[in-house]
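For clarity, chains are labelled A, B, C, D, E and F in written order, and residue numbers in each chain start from 1.
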Amino acid sequence: MNNTKLIVSHAPFWHDGDSLFQLNLNYLIALLPAALFGILQFGATALGVLTLSVAFAMLWETIMNLVSRQDMTIGNLESAVIGLLFGMMLPATAPWWIVVIGTFVCVVIGKYIFGGTGGNPFHPTLVGMAILMMSWPVYFDFDAAYVSYEFDFTALAPLAAVKFQGAGAAELFPVGGLLAGQEVGAIGAVFGLGLIIGGVYLILRGYTRWEIVVSFLAGIIITGGLFSLTNPDAYPSPLFHLFSGYTLLGAFFLATENSSSPVNRIPMLIYGFLGGFMIILMRNIGAYADGTVLAILLINLVNPLIDNIRPKALGKGVTNA
Amino acid sequence: MREMISMVVVLTVLTAVSGGLLAAIKSGTELRIEEQVLKFQKAPAIAQIFTDVSNDPLAERFNVETEGTTLQVFPGKLEDGGTAVAFETKGKGGYGGDVGLMVGINTDNDQIIAVRVTTHSETPGLGARAKDDPSFVSQFADLSLEENLDLKNNNGSIDAMSGATITSQAVCLAAIQAQELYKKLKPEILKQIQ
Amino acid sequence: MAQSLAKEFTKGLWAELPPFRLVLGLCPVLAVTKTVENGLGMGIATTFVLVFSNLLVSMLRNVIPTKVRIACYIVIIATFVTIVEFLAQAFAYPLFLALGIFIPLIVVNCIVLGRAEAFASKNTPVMAIADGLGIGIGFTLSLGAIGLVREFLGAGTITIWGGTPVFDMTSVFANFQPFGFMIEAPGAFVALGLMLAVMNLIPSK
Amino acid sequence: MLEALLFMLGIGALCGIVLSLSSKVFYVYEDPRIAQVENNLAGANCGGCGFAGCSAAAEAIVSGKEAPSLCIINSKEGVEAVSRIMGVDAGSAEPPMSYNMCEGGNRAADKYHYMGVSSCKAMAVVFGGKRVCGVGCIGLGDCVKACKFDAVYMGPDGHPVVIDEKCVGCGACQKSCPKDIIEVKTLTEKLMKFNQKHDPLAPCAQTCPAEINIPRYINQLKNGQYKEAVQTIRMRNPLPLACGRVCPHPCENECRRGVEDEPVSINQLKRFVADYEMNSGSRLPITCAPDTGKKVAVIGGGPAGLSCAFFLRRIGHQVDIFEAMPKLGGIIRYGIPEYRLPKKVLDWEIQGILDLGIKAFTHVRFGEDFGLGSLMASGYNAVFMGIGAWKDYALGIEGEDLDGCYKGIDWLQRFSSGQEMKLGKTAAVVGGGNSAIDCVRTLIRLGLEKVYIVYRRTRNEMPANEVEIVAAEEEGIEFVFLAAPTRVIGDDDGKAIGLEYLKMELGEPDASGRRRPVPVEGSETVLDVDMVISAISQAPDPSFKDKDPHTRMDDLELTRWNTIDSDPATLQSSIPYIFTGGDAATGPALVVDAIGGGRRAARSIDLFLKGEAVVPPKDSLQNKRIHESIFTSVEGIRQIKRAKMPELHVDQRLDSMVEVDLVLPEAEAHREADRCLNCCRICYDPDTDFPIAK
Amino acid sequence: MEYFELAIGCIFINNILLAQFLGNCPFLGTSKKMETAVGMSMAVVFVMVMAGIFTWTVDTYLLKGLGVEYLRTVSFILVIASLVQFVEMFLKKSIPGLYAGLGIFLPLITTNCAVMGACLLNISKEYSFMQALAASFFYAIGFGLALILFAGVRERINLARVPKALQDTSIGLVTAGMIALTFTAFKGMV
Amino acid sequence: MIKRSFFALSKPKLTYDLLGSDQKAPEAIPVPGSLTLLLPETIDSTKQALITQGDAVKKGEKLKLYEDGTDYVLSPVAGTIRGFDSYSDDFGNTATYILIKPDPSKTGEEDTVGLEPEEDLDFANANLRHLPGALPFATLADENTSINTVIIAGADTDVLSDTCQFVCTAYADEMVEGTRILKRMTQVSRIFLTLPEKLQTQANFGSVQILKTDETYPSTLPAMIMKDHLGTELPAGKTPEDMGVCFIRAEALVSLARVFKTKAPVFEKVVTLIDKGGNKQRLTATLGTPLSKIFARFNVHINDSDRIIIGGPMRGFATYTPHHPVVPDMDMIIVQDRDTVTELSNTPCVNCGECIRICPANIPVNLLVRFLEADEYEEAADKYDLQSCIECGLCAFVCKARIPLYQYIRLGKHELLALRADA
């Protein structure tokens, strides 16, 4: 028998070299500006939350791999991204156990039980967020979270302020300030500019689909604009919505998550727009101050349905063959 | 044909027997059920409203007829010698159905003594706080019946529970209903108390 | 006879344990298991209906024509359901309040009609009672178990009877903050789904 | 109260009337079975089955799209009732079980490193799979994935293992296997499976005439699963005790270990587990398929008849055996002496077969006491003729009928049945087969002074088993080779006093490769013996044909050797409902041949009884070997001596008929089993750690 | 506007499946394939509206008229069961095409607590006839919407590598929970 | 290898290699000591074989396995048959390989089978099927398919390859002659030659109409040519032949012309070898030459876990043995070092949508692969356009999860055929 065994595989024998590791690594890179700013703004506790979150997300994934005797999958960094996103959506004062439980819910209930990588019908981080926000709403009250902090800007969570004090409160938050992170909120969601830079980086690198981002933002601007036009006293301007709360994080990093978003162009546009529309609806007439989390979960839910709108395949439309 | 007849007969007999049986049981348990309703639904609310009455409002309850329905009224003798009444109204449009509200009114100064939610099927943690957490319903205490008992959104004087606007609305509706009923039936009620 | 009687009874406790093994009758399972007490109460009510409707269906099994059998069974079941409703109001009023609309809905619980059709209509009254009792007790225990999980996690308490918790986590950890999600509607689905998965890991025989 | 009564009365009546009327008005014909099936479903309309309600499920069952067990909440009785309505026959009551035929796992070497879709199916289409072995398990576990019941798991050796308790016989694994090595079969199918060209078979299993899965039972023995090993043997051989003692084990000749070392003592191991069962004090249960209601007559209670009866019974037919002799067993009772196969052992074994519910009528001779006519009249649907070959060939020399001259089988049989026979002092037995050896070894035990064995060729050509020859030598038998008897010399009383023979020498090899003996002119020599037994060969006794009055008997064709003419693959005779097997079909052959033939005939009879065409198994490997599985060299073997069969010392055995060969001790048996390379077609486990192939 | 609010309330906020926990057995049973889900949804819409009309009439004119409200359960379920059976027979004979699409789902609806539940809710909320009609319709739409969305997600989950113990119903329930979670998004909108 | 660009907002572009202007003549590999011929027919032990070990064969002799066999090969040399065995190819195809030991002494007239070529399809089908370039005479002569268009591949169908371009420019005259012969044989009027748009060539193609093809892969695949140049969309599940279009290698026509010229079959195949360093070598080898001989000639060392690709990097196949012979349709051999082999993974699809955007046939690969993984082939074909795939391999090329998508699709098509054959 010949001992030189060749590799036998199927065509193609070339690959463009991309991988899930690359994808998630780029996500992490893109998230860095906003995350770093959060640490600067909210101090060491923010760093603690982020580290704990990433570490535990990866730990849970490792544990589940071990328990179910699967191959190790933490190498593709997916759980790191989930963990980082989760941490970035928390206030810097979140207690450690929220992070531990939250990452467990994200990784295990949000992802693992649906079959792990690629199987999750909803964004795992958002599943964790939604469940936690339902269980312990107190810890997601950003106004309460930062009472002991001193800021040189209005120390109020913009969306909550608008919700409870009316649209007039929006004037406390100039758009420039929001972009520069002069607001109170989740660690990674306050620095609008950083999020935009990261998001654009991902789009340019081809790791997120611009259609979703653009239509998502368009959904917010158009719907918010309509509301604002009909009753400017009751409803703040669309730009305020755009740069406050989780909106930018949602548009660039959450709605675009691969396995829970559409891949065809028209569905992507519908999907994004619907997300923006729902956010405004929930903020303006619904019960929630933010709503990004549930709005994106909702569009995740309709994703399988709308993603059926796709171009006809070659030779499928041919009759009379 | 026989099959058809048997189908009709069997079904008819069965339903008839069922109807008879249920009617019998109904009449057998009717009294006991009424007691239970009093004991579990109304008694706790009344006890909370009339914290210091000298009589037994439950025992002294009486009915007032109004527009074809019967209103059960629980009279209370206040410590200061005044009289008060409590009765229950239903607030429409709760999150999970109607919200029952027991409203206690001081007949002397037409002020609300207190209100308590009796029945509801609201979401736990949100709407259900209307019953479990008195901070919301305590807003009604000592309000005059002349006040607008609606939510602040509707130019009333009541703050809605955060996250449970609908339930709050239903409670307010029940209070407003009580307000109207009381205004209408006050003479009748006062007559009965004497 | 005694052996098969025991078999019919015990199968409902494990091998055909509703709702875990049969995956039926989920609506009350999801809706009323906010506390152990509610779960058990619903289970007992269902057991009552199961046993008596099984008995009656079995007794009348030769009389009822095939074409109207569903209607007949349903009338029988509905009758007992109404009786339960009366009894619950008369003797366990708080429970009646907690179970709300779900008592009348026992009538459409697939388990009840399913047992009537699959078992009672083909077996003797004694067997039918054993079956009804077994399935009913299994159902009650399952509801209790789900209630336990949901209540303990979601509220940090355990309420077995009478509305007062027999256990409260806050007495152990003063700062305990329950996992409120479990008490909520979505939590009901998730809790049941995960418990079902745990049951799947345990072989049915 | 009254309102309630009236209200319910009204609404009940209304509903009843509407429903009853509409059931007439809107009557639509549908397959009545749908309603019947629906009545036997749980009726909860729960949708758990994935169908929209019970009637939809019932329709799916009736249309055959779904199994009767579709309803997830139906009781066992309900499922059975549905099966009955669907007319699913008794065969499906016999649960099929999945069975993995390749145990090679990772043993076969790889031809390449595979990268790509990780499924057997995908790999199998890439140059036939990466394993060098073309028929073996690929091991990526498509079957494990296909099984919805968790009944298949990937074993530690890289091949799937089936958990019998969980298997429901759905066949998903079989469908998923691109190599056709996981098979879902009913007991009947498993019992009636014959070696096929594409099967993963070790050379020994290919060689065994009974087609026993030898590596499997040796492996089971090795693991201490003696009972399972016995069951494995019983799938193919109903007489492991007898075979374990008398089989000349052609399998060992093909043993791959024998290429570089001594072959594994396969037969000893069979005897070990068979004796284990006998000595354990209880019989292992033998499962039978449900009754089919068909009746088969087996004529002849020898190995072929017993085998045929055993397998027919196990696949559910009713079987009666008719035996001319007083007891069952045929040649192995009457032709094999006590010291080789004790009657006690044989009785125990035959009783086990009869315990399955087979009736035996002894002392009835076909053609005389009963015939074809009477069998047909008694309602037998088919007949198996395993009448053996009991008629000795004559030497064809002068003086053969003198007093003191006997025929081998005849003599052995008369001796076995306890007939008084006059013994001489010295005896010559003519012939070189096992019967001849049996004769001489019996004679020496009877106290004869001198016993000769006279054979035309040399020791190398003797067809008897080597061990037998050695034993005979040890026991002091005198061998006269290259001697062709020419005449029996008698005295005046007609008593034999000597055997004259002509010396031979070996000439050119003939077609069979054996060197032909050529007589040496004028070399006549005389042996002084007063007994001459000719044990050269036998043929079936065709006398039944003339004695049976039934005219149909004329249609039964015989060959020129008086064997019953039959298709060698199906063993069906010229009369379609008569089948044959064993010596009656082949002429004198091995016991295992007869056992294999009995099973082959049972398969044909089963087909015949089911009204199917009696055709040979597809791609049958009957008596052929798969070329690629026969090696000329086997690497990596560390030589280990073959277990030596314990036997009674010569001193002890010569004056008694006590069994000579003894069973291997347990430790020895394990050691021997460890020598097995656990071969398959091309792969095997050598002593080294490195699995290699070809 | 009143009906619009009713619609939003019945479809999204008080979704009969996800908030009221009614009709879960067929929800899990018929959501494995999109086609079945669509068929079931249509059938539910049809039956729920019919049942809403019938039960409202029975309740208003007979039960209340005779003062035997306590017979509500018995009479409602009898009416629904008979109605379903009647419609099934009618469709089978008269409109076989429609029967093939919808009819086969009808038996599932007899024991669908969503139908019974919707009827009882109509009565307990003291809706007028038109309201009851609309509410029934919207409840059914809510049921169908949840079912179809669920089927869409479930079709994908069925193909994902869900751990064995969680497969099928188990993961279905968890997914349903997630859907219920997302439906809380509509809270407070009316 | 082409890597993903840093800014990958637009989809990656794979371009075909163009033939350079300074082409050396291909290096001829001498006839080796042993040839392996692949005969596309399965050994059937129940039949009496026509050839046995030790038989002497002449050059050009037609070798058939069985009397009623459906296919044949021509022996490229005179010699003796050393043996034959069965060979499992991809996707369930089996063949028989025949080992021939050439006898260098037998070069005479009597050792060669002459040929009197006729311009007749049946004659060609019976004698010229396996010429270098593999002219599809079996299809052309099939009465069930009516070919009305012939497209000569002057542009290579796979990236990196320029064999077709080389042959059709270097041997343009012969190719034109071959085209004329083919035209007379088949009576097909529509004959086109594909050539890369940017290829600078002085060759004269006479009257053959030229289709200028795009430089982007996969524009020269049959389905794309039909769509872009013939204006017909290939219906899902159909082959170009079903639509009356036949694709032929330029080299096949060159061979045809040579046969008619020399009145003897030809066996020299032009092959491009790309070694581990990516260097291109052009060579000609006798059909049946084991690749190992070619590797030896060009000092290519094959180590464990290297990969030998026959055909292009996108559509070829990897063989498991360096002894694989040169066959008539082999244009290119690529040897990849083990370090340059991209690892595949067992990760499920993450739904990133790269495949969707690059697929020239608009197939929902992300959904399709889920169904293929679950073995639901009918569903995959009905709803997810399995059969629309034109087999370019781009989806697997860009797959982030590194799923062997192309293999799944090929396997799916294969299993679907088997399923439908069963039903």
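What we mean here is this: a contact is a pair of C-beta atoms (placed from the backbone, for glycine too) under 8 Å apart; a residue touches a chain by one contact, two chains touch by 3 or more.
As the structure is a computational prediction, the values presented were derived from the model and not from experiment.
Colleague: Using the touch definition from the top, how many steps at minimum link chain C to chain E?
Modeller: When the steps are counted carefully, the minimum from chain C to chain E is 1.
Colleague: Would you identify the chain whose Cα-based centre sits farthest away from the centre of chain E?
Modeller: D
Colleague: Which chains are joined by the largest number of contacting C-beta pairs?
Modeller: Top-ranked chain pair by contacting C-beta pairs: A-F.
Colleague: Nearest whole angstrom, what separates the Cα centre of chain B from the Cα centre of chain D?
Modeller: It comes to 86 Å between the two C-alpha centres.
Colleague: Can you compute the centre-to-centre distance for chain A and chain C, using the mean CA position of each chain? Integer Å is fine.
Modeller: 41
Colleague: So what's the Cα centroid distance for chain B and chain C, whole Å?
Modeller: Each chain reduced to its C-alpha mean, chain B and chain C end up 31 Å apart.
Colleague: Residues of chain E that contact two or more other chains, please.
Modeller: In chain E, 25, 28, 68, 70-71, 74, 78, 81-82, 85, 110-111, 121, 124, 156, 160-161, 163-164, 166, 171, 174-175, 178, 181, 184, 187-188 touch at least two other chains.
Colleague: Counting only residues that touch at least 2 other chains, which ones in chain C make the list?
Modeller: 23-24, 67-68, 70-71, 75, 78-79, 82, 86, 101, 110, 113, 180, 184-187, 190, 194, 197, in rising order.
Colleague: Counting only residues that touch at least two other chains, what does the list for chain D look like?
Modeller: Chain D, residues with two or more chain partners: 3-4, 6-8, 11-12, 15-16, 19-20, 23, 44-46, 48, 111-113, 115-117, 126-127, 130.
Colleague: Can you list the chain A residues touching chain E in their complex?
Modeller: My answer: residues 68, 109, 112-116, 118-119, 121-122, 127, 130-131, 134, 278, 281-282, 285-288, 291, 294-295, 297-298, 300-305.
Colleague: Which bits of chain B are touching chain E when the two form their complex?
Modeller: Its residues touching chain E are 15, 18-19, 22-23, 26, 92, 95-98, 163, 165-166.
Colleague: Given the complex with chain B, which residues does chain D contribute to the contact?
Modeller: On the chain D side, the touching residues are 1, 3-9, 11-13, 15-17, 19-21, 23-24.
Colleague: Could you please specify the touching residues of chain E with respect to chain C in the complex?
Modeller: 18-25, 28, 70-74, 77-78, 81-82, 85, 110-113, 115-117, 120-121, 124, 163-166, 169-178, 180-181, 184
Colleague: Can you list the chain D residues touching chain F in their complex?
Modeller: The contact residues of chain D facing chain F are 111-113, 115-118, 121-122, 125-130, 134, 176.
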